[in-house]
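Scrolling down, you'll hit the structures one after another.
Look at the two complexes coming up: chain A is in both, with chain B in one and chain C in the other.
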Partner chain A sequence: MRDRLFITTMLLPSMVLLVLFYGYPIFDNLRISFTDLSLLGMKKGGNWVGLANYRELFHSGEFNHILFNTFIWLTATSVVLRLLFGLGIALLLNTRAMRVLRLAAVSRFALLIPWATPPIVAVVIWRFLLERNGFVNDALIGLGLISQPIAFLADIRTVWPSIVLIMLWNTVPLIALSLLSSLQTVPEEYYEAAELDGATSWQTFRFVTLPFLMPAILVLGLMSVFWSFNNFVYVWLATGAGPGTFTNVLATEVYLKAFVDFRLGYSSAIGMVMAVVMGAFGILYLRLVAQRQLEETL
Partner chain B sequence: MLKLLAAGLIASAAIVGTAGIAAADPVTITFRFNDTEQEVRGAIDEFQKQNPDIKVELQRIGWKDARNQFLREAAVGQGPDVAHVAQVWVTEMGDAGATLALDDFLQKDPPPNGFADFAAQDLAHGKDGKIYGLPWTTDTWAMVYRTDLLKEAGIDSLPTTWEDMRKDSEAVYKKTGKAGFGFPAGSSASGAMWFLANFYWWSEGKALIVQKQDGSYALGLEPADVVAAMNYYKQYMDGGDNPQSNLAASDAHDPAIMQALVSGNQAMGAMPPNTYKEILKAYADANPGKEPPFASGPFPHQPDTKSSMIGGRMLVINANTKHPDEAWKFVKYMASQGVFANFYRTQFPAQNSLLKQIDFGAPLKGFAEQFPFARTWGAYASGPVPIGTLWNATQRAFGKALSGQVSTEDAAKELLAEIGKQMP
Partner chain C sequence: MAATGSRHWRDPGAWRLIVILLFAVVTLFVLVYPAIYVLVGSFRPGGGLLSSTETLTFRNYLRIFQAGFGRFIFNSLVICVVATVVSTALSIMAAYAFSRFEFRFKRTLFMAILFGQVFPWIVLINPLFVAFATLNLINSYVGMILTYTAFTIPFSVYMLVGYLVTVPKSLDEAAIIDGASRWQVIWMIICPVMLPGFVATATYAFLLCWTEYLFALAFLTQTELKTLPLGLYQYFGDDYVDWGAVMAASVVTTLPVFLLFLPIQGRISPGRVAGAVK
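Take a look at the complex of A and B:
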């Protein structure tokens, strides 16, 4: 009983801060989502409209399209590819050949460059590379692969892969370096034992390496979901949610409704939907990762 | 005792002295300007020289964020004293209580030729009839042509109909391999398709938003009108005379478009005069001594219709300013003849008396010809749907149609439904 009181007392300041800086804004956002508050009417406030904003959102013709973009392109595709490329690079950097050729340190340093590049700068660099007279078009034309420049960020056939490419360039290094650290914790004896048992390379990877990496992959995967699902910068700066609304995602829709259409109430409703989805992922994270860590600690 | 008295006297003198210095401190007002600093730096320095009791602190912000930022700040008692805003924002800013009514200032201390001398006065009023902005600069859009490319394609006169414009564009592309009418077809919320779409509708005597005789507002277009405009611009994309990559460009001053005109890789463009001036300058820098092969001309129109807008900027005073008199003094100064004659030469003044004195010169002849066939945004700005919403919805709908995401019919229906939903 005394321990419980002590723990509660120690946690109290953090709880107060959480309530002040997270709880209050969330509840205020929830309140605004039930009003028709406009950016032009901030001085007088909004009128209570109940669930009207939510009804409009769920019945909007664009909603399914925005959800698809957010879940499939922005989140699922980018997270899966990020993990696959990250794992591939980590395995490559961990090979004996890289160590023998003394390339491991150089490669790690090279990986840090895209990772240390702020997303805004990364998007601007890639916009230059992908534009009509940019390096990518020039190179493809030079190699004879295309005859006319491709509008990578405007053509509906190439725009999503281009955005995902920018995201990967900027974020894969972190995944790769994290997985590389995990790889280096796998005891060498396990590999020796696998070799003695006659395991193939694939079997060694499947039954020795992967189990060691799984906790890291799980954490990085879930964190990537959080970073991607809420992300605004890559889509907004690369395409402005266009062409048309082709690359519109929940985060850009929040911005468009709040600061282009001035509908803060409606925009808050979208924000609440995003918060609920993120909350679900948060619970998953707690169940899969945090709970395990807590059990290990105790 | 004497020592104490002396110390007291010294302290009093010090306090009085400090107060004297404080009284001499200039009042600082902030001016938020949305274009380049060098355009107004000279004018501000001159103002401070003439008014040593007022210090002007220049803040800069991009046009894309200017309106939202100002509204957000004004709602919580913050923001610059004077702000540079688009003409079409003034009504809604006044209605939001973000800006100060200027009626008293205009009555007590008016500009030399009075408020009646200013263009776009209708856009300066709030719905309560008060004046919330002083028109500062004005401009219009017109067409710009590379005469050498037109000649190479066998075209010897500028087009006067939309059909001829398309034919000329196609001819340039087919005969020279260069882009014809290269317009920014991107769908950014504040892009240029909005202008081109409206110019097309206006030239046909129609408008997206109209005010009825009883003062109420309505949609002025049928789906077929929207489809016609979309199909018109889409043929440039489908025909290849406007490169597909221009789907990624949203502004008239997009570097790809400006560069294509300067280097002779594009024959036709649509833009405001300051962008055209930049193109002329870039050409002159790259080709010293050579006659620039450019001409400007109005957008196609009928004798009784308009085909471009009287656009421009206004200056507003923040409702939260603590120095309204100094702010007004600065606003009045910035709209004066001396500023436009000596410092702010990239824009045209909004006062009709000053506008008449301008020699547009041969390259800008088309802009001068366009002015009589230009209109203000009128009902668009005073109507019930924020102009930013109309702009964004139009951009998105055209973006969807031009990129082939949906058919022009579906995009047109969606656009009118989206705006119709927000009409009372």
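Take a look at the complex of A and C:
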């Protein structure tokens, strides 16, 4: 009985905060999404409009463009490339040559720099390098690859690859370091056996290394989906969803509709779309990550 | 990339070695050079753009502090330090209960906390803004502190439970038999033993707050209350960017992050951090 009181006391403060800051808002967001609440008329409240916001959403051509940007560029492209580059760097650091040359330790340290750099600063760094007369243009002109400087973040042909580049620079190190630590758990005998069987290096990678890494790749990939899909800062700070609304994604659209167009109701409807998509991924997260974290921790 | 099997590299052919070295050098360059470029740029007039002068100067730093950048640092410090202390204290309490007792809904509650780590924060902006407007918490330290406390709790609890389960329960029980209360156990036995873990958790929570942008953007509109990340981006005008100021402000923002992050990064295994990167 005394234990019960103690447990409640210990858990209550944090649980109350979590309910107030996660539980209540998500339901209130649903309610707001059925109203025409305006940021300028919060005192008088919004009128109930039923599904009007959702209808408008799915009938607007702009929304399809936003979905495409969010799913294809912000999420799929960045997640796949992040895993590929992360795997590449992990494999590179794990080669004997790198260890013999003592470059592995140096590279590990080098990975910490972009990893520790806050996203807000990573965007600053790359906006500077990608300027019209910035380092990247100078280098490309110097190498004779282009003759005219490119406005990377203002040209619709280069803006998405540039945003993805910024995200990759900032987040690949975490993937690389995680995969490197998984790589180091592959037992040496497996490689010896593969060598005895006369496996080529590709076969060794495909049938020994990759199966070992697969669980880590799956989890990191899934977590990447969450950070990318919900991410606001990279797009917002790199381009402000521009040029025009060319790089607008769901997260920036939620902000723009609420705080620039003052349409809280409509913005909340977009938020609900995001919540539903993430809910679907949440089930995967539950199966693949949370369940395991729970078993491992408790 | 070719094989990983370290055995294959026992006698790496010269060409293989060259390819590897080439990859390594390019990778190192791309990883490190951008950060160094900005660090050096912060000591150059105009951030190094459009100016061939090689003279290094503290002018950018002087300029931003004369223009009131110190205020942003102060705001960030107040909000982040208080939020970190409160969040860590509450998280230690919750984590202790999770690691020591069996109770109803324990697994459900812990699962909910794990979900907090992947929650789509952007969805909370509108309802929280409406609630904060009613409660007069827009443009207030209290509002930001509460937000950041709630924002860091899921990750902190998860990390702390991981640390606390490594402390044997018998330690607590022995102390309780000797007449200590549960609170004394936490304060006098668990805290000293787990101090490094607590410090790592608190540091990470602090860093999350220090670099948070979205909530600050939505909930802080008065210049004198704005935090560091907002202050950093004020130098980006619509058609003019004060690069010198931006570089200096970036270095000021990032320096504490590096100093705090490097010592704890070994304790924060990538797998654990995975949930907290936003």
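Convention: the second predicted complex is superposed on the first by the 266 of 298 C-alpha atoms of A that agree within 3 Å, B and C clash if a C-alpha of one lies under 4 Å from a C-alpha of the other, contacts with A are read in each partner's own complex, and residues count from 1 in each chain.
Going forward, a contact is a pair of C-beta atoms (placed from the backbone, for glycine too) under 8 Å apart; a residue touches a chain by one contact, two chains touch by 3 or more.
As the structure is a prediction and not an experimental result, all values here were calculated from the model.
Undergrad: Return fit or clash for chain B versus chain C, each positioned on chain A through the superposition.
TA: Clash.
Undergrad: Taking the superposition on A as described, I'd like to know which of chain B and chain C A:M274 touches: first, second, both or neither.
TA: The answer is second: A:M274 touches chain C but not chain B.
Undergrad: In the superposed arrangement, does A:G242 touch chain B (first), chain C (second), both or neither?
TA: first
Undergrad: For A:E131, using the defined touch cut-off, is the partner it touches chain B, chain C, both, or neither? Pick first, second, both or neither.
TA: So A:E131 meets both chain B and chain C here.
Undergrad: So, A:L264: does it touch chain B (first), chain C (second), both, or neither?
TA: In the superposition, A:L264 touches chain C alone.
Undergrad: Just checking: does A:W227 make contact with chain B only, chain C only, both, or neither of them? Give me first, second, both or neither.
TA: Second partner only, chain C.
Undergrad: Kindly classify A:R99 by the partners it touches after superposition: chain B alone (first), chain C alone (second), both, or neither?
TA: second
Undergrad: Where does A:L288 make contact in the superposed view: on chain B (first), on chain C (second), on both, or on neither?
TA: Neither: A:L288 stays clear of chain B and chain C.
Undergrad: Per the contact definition in the header, classify A:A52: touching chain B only (first), chain C only (second), both, or neither.
TA: In the superposition, A:A52 touches no partner, neither chain B nor chain C.
Undergrad: Can A:L91 be said to touch chain B (first), chain C (second), both, or neither?
TA: second
Undergrad: Looking at chain A, does chain C or chain B touch more of its residues?
TA: C
Undergrad: Of all the chain A residues, which ones make contact with chain B and with chain C?
TA: On chain A, the residues that contact chain B in one structure and chain C in the other are 39, 42, 131, 133, 259.
Undergrad: What part of chain A is in contact with chain C in the complex they form?
TA: 3-4, 6-7, 9-11, 13-15, 17-18, 20-22, 24-26, 28-29, 32, 37, 39, 42, 87-89, 91-92, 94-101, 103, 106-107, 110-121, 124-129, 131, 133-135, 169, 171, 173-174, 177-178, 181, 183, 186, 188, 191-192, 194-195, 200-202, 204-205, 208-209, 219-220, 223, 226-227, 229-233, 237, 250-251, 254-255, 258-259, 264, 267-268, 271-272, 274-275, 278, 282, 285-286, 289-290, 293-294, 297-298
Undergrad: Once bound in the complex, which stretches of chain A touch chain B?
TA: 39-44, 61, 131-133, 149, 151, 153-156, 239-246, 256, 259-262
Undergrad: Considering only the defined contacts, which chain C positions touch chain A in the complex?
TA: The touching residues are 1-10, 12, 16-17, 20-21, 23-24, 27-28, 30-32, 34-35, 37-38, 41, 47, 49-50, 90-91, 93-94, 96-99, 101, 103, 106-107, 109-116, 118-131, 133-134, 146-147, 149-151, 153-154, 157-158, 161-162, 165, 182, 207, 210-211, 213-214, 217-218, 229, 232-233, 236, 241, 243, 246-247, 250, 253-254, 257-258, 261-262, 265, 269-271, 273-275, 277-278.
Undergrad: Can you name the residues of chain B that touch chain A in the complex?
TA: The contact residues of chain B facing chain A are 68, 71-72, 75-76, 92, 95-97, 186-189, 243-248, 250, 256, 386, 388-389, 392, 396-406, 411, 414.
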